[in-house]
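Both complexes below contain subunit A, partnered by subunit B and then by subunit C.
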Partner chain A sequence: MESVLSFGLALVLAPLFPGIILKVKALFAGKQGPPLLIKYWTLAKLLRKGSVYSTSTSFVFRLGPLVACATAIAALLFFPFAGKAPLVSFHGDVIVLFYLLGLGRFFTIAAALDTGSPFEGMGAAREAFFGTLAEAAIFAVLILFFRLNGSLILAGYFTGNQPIAIAGPQGALLILAVVALFMLLLAENSRVPVDDPATHLELTMIHEVMILDHSGPDLALIELGAFYKLFLYAALIASLLKPAGLAGPFAGTLAFYALMAVVYVAIGITESLTARLKMNMVPKYILTSFALVFFAIILTVEIA
Partner chain B sequence: MELVLTALGLILAGGLVPLPMQRWSTGARATHIALLAAGCLTGMIGLFLTWNQEAISAFSCTWLQVLPLALALDSLTAVFLLPVFLLAPIVALYGYQYLDRDVSPWQTGAHQLCFSLLIAAMVLVTLADNLFAFALAWELMSLASYLLVLYDHEHEESRRAATLYLLFTQAGALMIFAAFGLLFQATGSFTFAQWGQAPHAVKLTAFFLALVGFGSKAGVMPLHIWLPHAHPAAPSHVSALMSGVMIKMGVYGLLRLYFLLDEPAPVLARTVLGLGMISGVLGVAYALGKHDIKRLLAYHSIENIGIILIGCGLGMLGIASHNPAMTAFGFAGGLLHVLNHALFKSLLFMGAGAIIQKTGCRHLDQLGGLMRRMPVTGRTFLTGSVAIAGLPPLNGFVSELLIYCAAFQGVRLQGPDALLAMAAILALALIGGLASACFTKVVGIVFLGEPRRPLSSPIAESGLSMRAAMIVLALACVLIGLWPEPFIRMALHGLRDLVAPAAGSPDPLGSLPENLALATRMFLAVFLLLAACRHLVYRNKPVTQGATWGCGFTRPTARIQYTGTSYAREVVEFHQPFVKIRTVHKPITKIFPGLTHYASTVEDRAEIGLHRLLVAPILRVADKLRWIQHGHIQLYIGYIVLTIAVLLLVV
Partner chain C sequence: MASLLRIGNGEVVPRQHIPRIDFPRFLRVLTDFVRCNGYIVQFFAYPEGERMRLLAVLRNSELHVVETEVERDYPSLTLLAGAKFNLFEREIAEQYGLRPNGHPWLKMVRYHANASGRPDVFGNDYRTDIPGNYPYYRVEGEAIHEVGVGPVHAGIIEPGHFRFQCAGEEVLHLEIQLGYQHRGVERLLTTVPQRRWPILCEAIAGDTAIGHNLCCCQAIEALAGLDVEPGARTVRTIALELERLANHIGDLGALSGDVAFNPPAAYFGRIRGEFLNLLLELCGNRFGKSLVRPGGVTQAMGGEQRRIICAKIKELREEIVQVCDLLFSAHTVLARFEYTGTVNRALADQLGLVGPCGRASGLEYDVREFFPTERYADLPAITNRATNGDVYSRAMVRREEIVHALDLIEQLLAAPEEAHQPVRSAERRLAPASFVVTLNEGWRGEVSHCLLTDDDGALLRYKIKDPSFHNWTGLAMALRNQAISDFPLCNKSFNLSYCGFDL
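The block that comes next holds the complex of A and B.
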């Protein structure tokens, strides 16, 4: 029951947090910014509308948003929010999780190519390339976690008697992992400095240009899927940061969501302070995060 | 065993009976398929009946009074026989409508005979239990497949590809037989079972020699050169059979020899694992750079052989380090991937064949928008693409997950093996990402969007028998994905007669199969729920059609669409210098530029290397020796007499 509740809470709260990013960016720009609940309003607006489909498209175009959102939701099923047992959990579930996200990417790219638009093709090509590199970096993180904790279960990383946490004995090592995961979060969720969700020039976009032709409830599904994916990555970092010994269902949950807010504020600050990288720098950026994790892995070899 | 032998007879009859019936083309084709299907069904029943028998059933006879032939059916054989029996009738069914009707009846008859011979040879290779049986079956398999590649023998390109294939397969056989010779010399026995007693050094030499031979058959990276040439040249259903099933015989030979030698030295495991990683990553990198759809699929076969070898290499590492869980995960993943790859690769080759037959074009950048014109081909090809990219909820993911689990077990090992296991995880992740990049390319460029060149005539869906074959295979991919437990157990069963189960560990896989099934079904439930919600939301909503938004550009044409070349460009460049890109481009220099052009091709380093290091020197030497061949018959007879005389004197 507790698992269902925490999963439900995550599903409901996920669209709230991107509002925090917008608020932080507005603060930096000296503006008042949109209300915190802006994303809920956006979703409600999109769900009320109809859709326009390009005559070039086939059923794959309609399948894209659906698969992207379904994979993101299914991925959340495995996550132990605030240390609560997740709905599904087994040996190897982290691999299933990241491959499910890969499935979402496959169909998002296919839907983009279905429109026949050269801009969307450009975004799709970038997404395919950068996504591949990011996936390899994420598996390096999994190797690191496996070496630290001997577990291949997402819930096993953060529960049990040897949780992976920055407050734990291997905290110094995990600073590297947290930085790398934060870089990957920015890359995988099309944030600055890899992609800019607020840009208006199609040539420079990745994720936003791929979904140019989606409209109405389909666009709402894509947005929702993107919120869940970002939520998942942020939750991963928040779980690493979470201090041990916060007992009680409410205190634990509260601390977790407070840390989530911190992660989103950090995204907002990063977006306000940095400029977008040139496209040919993005692979180097992702490989930097890979190098950080790899360095951490080498350190675990020394410990052993 | 008797049923499998009956099956062999029926399969051979499937090649011979249609021969006198060739005037009646439909009847000959139908007989061919019916007999093949009957044979394969019999064989499958035979497999299932012996599945749980503890005893290995065997059969032996003497051929020509002197050559003892021995066959045996054990668990590894059964696992490799399954894809043969499963795919042969489906592939033949596809061939029913795929083969040209206007070629001479004898050519069709010969084709059917070779097809049956190839299937029978593959069955015999897996059954063979001594040197003679294996050698005969292996050569029969090579020759039958050579003749099948040669089907379009009027085309220069086909003849060249077939010759290249024959050269590779015979050179490979030379290595294999050399290895067998060494083992025979060491043990004095023709039967496989005795070879485990050979001395350590002989075992290692024999294994590495055979690795070259089996590796070239399987298409392991530096020895793969024949594959991307032979597959495009052969008819599509032959490519499907060769890529789906025949190249696995190389893997079978390697595994069989490994278990026969019973040599737990980690160097074998490390070599196999390393080769697997090279083949996997570079195979898919080259596939991204290729734009001939069948050549691209051929490189994907190399990639998948790489994945299979990673699985088997991890399993071997598990044996070497006495880690039963790693052994089970690695081999189960590798063996299941053999079946999975057989299913989806055949499916994809069939889809490619349908495209080529209907459009007459095999270059990605000239196709487009086929999903709406060939709905069945498009949907089945999409299924195969998701499966080969190793994504859940389809079958490719099941085997890859098992291999991941084996690799993570390996991370616990000490020393270089742990590093290798980590490299295997990263290689698998990279392969997975690149494969989905490559298949979004194929699906996106070929089936989605708009046609990239004007179509001369409306394109129709392919014939019924072709569609049926593709649908069956697509369903099989979905079935294994959603119901993986029995198939994982089946793959693990392949080890029953080979690896003694460790005491005290009842089930090395744990509850992974059940949990995986649960996870995929939960994903499916989420997906269906969401689809239902979407359906509800879209009720009474205005849905209109319009042109793709051109981002302010008002006169878009189909030619401005992204091409496969541009899509893959950055990823392929990332793999330099292992991949060679050659571009031909006339740069724009003046203010009013004239006509310009741009072409880029990706060249295979291994091919260049082979040409530079082996072919060119041989040609140079051969050129110097040209004077030996002068055309005077009396001098040729002189050569013979001289040779015999020298041999008589010296030997």
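The block that comes next holds the complex of A and C.
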């Protein structure tokens, strides 16, 4: 029951947090910014609209948003929010989780290519390339976690007697992992400095350009999927940051969501303080995160 | 150089004084001129009875004029003398059906039928739509892909078509096709009453309302022999600098926004509005429309307005400096600006770039310094230090010009108030059979208007040149071997006018 509740809470709250990013960015720019609930309004607006389909697209185009959103929700099923047992959990579920996200990406790319637009093809090429590099870094993180904890179950990382956390014995090592995960979060969720979610310039976009032709409920699904994906990455970081000793179900959940808010505020600050990278620097950026985790893995070898 | 007549900026010349030489000599004179650090200000055709004449206004450290007579075609100067003639020749071919033989790439400029009734040089059927009617340059090969952008764009900007030939993310060639906003301004000006000229000129490019209108009014003043009071000249100078400030500040903000560095984009956006509001104080219009009219300005600048402008500049200067520091000290921003979209000096010289884009490439040409009008002869010139020709240099030149413009306005306002009377529009008799060319340094660079009157003093030809006419080619060249994702940034660093080009 508790698992269902925490999963439901995550689904409901995920669109709230991107509003925090917008608010932080607005404050840095000396503006009031949109209301915190803006993303809910956006979703409601999009869901009320009709969708327009180009005659040059096929069923692949319509499948893209559905799969992207469904895989992101499915990925959340494995996550132990605030240390609660997840709804689904089995040996090796972390690998399934990231390949579920990979499946979502595959269908988003396929839908983009289906339009035949040169813009979307360009975006798809970038997404595929950068996604491939990011995958290497993600799996390096998983290797690190496996070495620390011996588990291949996502829930196993953050629950039980020896959770992987900065407050734990290997905390110093995990700082590297947290930084790397934050860099990956920015890269995988099309945030600055890799992508600019606010731009209107198609030639510079990565993720946004792939969904240019989607409209109405389809776009709402894509947005929702993106919120969940970002939520998942932020939750990974928040779980690592979680201090020990917050046992109570209420206090634990509260602390978890407070840390989530901190992660989102950090995203907002990063986006306000840095400009975007040149496109040809993005691979270096992603590989830097890989190098950080790789270094952490080497340190675990020393410990062993 | 005896074949060239030296003229002044805004000086009326009887048309019979303009040297008329035969084409071979014309070709030789122009070829020699552009090879020795000479540039073209205007080069256009006009009908004289049954004959067609080509008139060229040239500049080095002085202005010169020369003309020749041609039949249906003539050997291409682009081929023989260089790329500076490229667009001018294509424009002549489009406007009057005169073919430059041997032009390396004879392509239409704005897609309209010519005015002379001659057969179309390009073989176009103007009843059909524009896209697809252009012989686009193509790079072939399996790894090459073509990206077409526009003419309808994502932002609220003007229409223009950009065709990229790319190998992966790298742009091999960019072709820019404009003309979507062609309104026929030049021909319209010869048909409407003189009182409407300034109004039309204010609409040539909405962001250069003062620059273009100033050229028009100075030309009318020269042809009608009107004197302008010093006080009115001060107001005009201030207005031109305010226009420069508003646009340059807006550009820096937009450059910042294009690299996703939000705070300066937001601050500059607001500060731009403050300068537009100062223009509002001067004349009741945020873009300075209806301020400049032949003979002076329509609204005298009073003591209160001087105080408001002074106070505002004092208030904003510090803020501008701080936001500039924020933008130019962010290393992630510098990483995007530096070595991006470089137009080196040799290339800029070959193309004849003008304005901040030219200065950013090391071409030290500023109309305010070379051919000063209004109060510029009394004011200090600007020297730009960043001359690498990249996005950084173009941004830096803007930053320097912003500070310079603030200084100029403060200096003008520090001088004692000179009383001047507002002027009203009126039809004025223009000198018959005359020629005048006016140049001003608009915020994009050299704006130039050229007027020719016939024997009755009626307007025979009105030729307009926006600085964008020179600089669009610079943007195309800046993109060579750049990442296609850097195009918006390069484009913004040039920030050229579509409607000023399309006329």
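In the analysis below, the second predicted complex is superposed on the first by the 304 of 304 C-alpha atoms of A that agree within 3 Å, B and C clash if a C-alpha of one lies under 4 Å from a C-alpha of the other, contacts with A are read in each partner's own complex, and residues count from 1 in each chain.
Assume contacts are C-beta pairs under 8 Å (C-beta built on N, C-alpha and C of every residue); 3 or more make two chains touch, one makes a residue touch a chain.
Being a predicted model, the structure only gives us computed values, none of them experimental.
When the two complexes are overlaid on their common chain A, residue A:G102 makes contact with subunit B while staying clear of subunit C.
Legend: residue contacts after superposition of the two complexes on their common chain; A:S56 is shown touching subunit B, with no touch to subunit C.
By the touch criterion defined above, A:F119 lies against subunit B and subunit C together after alignment on the C-alpha atoms of chain A.
Residue contacts after overlaying the shared chain place A:E208 against neither subunit B nor subunit C. The larger set of touched subunit A residues comes from B, when the choice is between subunit B and subunit C. In the superposition on chain A, A:G30 contacts subunit C only, with no contact to subunit B.
In the superposition on chain A, contact of A:F90 is made with subunit B only, not with subunit C.
In the superposition on chain A, no contact is made by A:E223 with either subunit B or subunit C.
In the superposition on chain A, A:F139 makes contact with subunit B only, while subunit C stays out of contact range. Residues 118-119, 121-122, 202 of subunit A lie in contact with subunit B in one complex and with subunit C in the other.
Residues of subunit A touching subunit B in their complex: 47, 49-61, 66-67, 69-71, 73-74, 77, 88, 90-93, 95-96, 99-100, 102-103, 105-106, 109-110, 112-122, 124-126, 128-129, 131-133, 135-136, 138-140, 142-143, 146-147, 150, 152, 202, 212-213, 216-218, 221, 283, 297, 301.
Of all the residues in subunit A, the ones that touch subunit C in their complex are 25, 28-31, 118-119, 121-122, 192-193, 196, 198-204, 271-281. Contact residues of subunit C toward subunit A in the complex are 145-149, 154-155, 169, 256, 258-263, 265-267, 270, 330, 332-333, 335-336, 340, 483-489. Across the complex, subunit B meets subunit A through its residues 368-369, 371-372, 378, 382, 386, 389-392, 397, 400-401, 404-405, 408, 411-412, 418, 422, 425-426, 428-430, 432-434, 436-437, 439-441, 443-445, 447-450, 510-512, 515-516, 518-519, 522-523, 526-527, 530-531, 534, 537-538, 541-551, 556, 558, 560-562, 566-571, 574.
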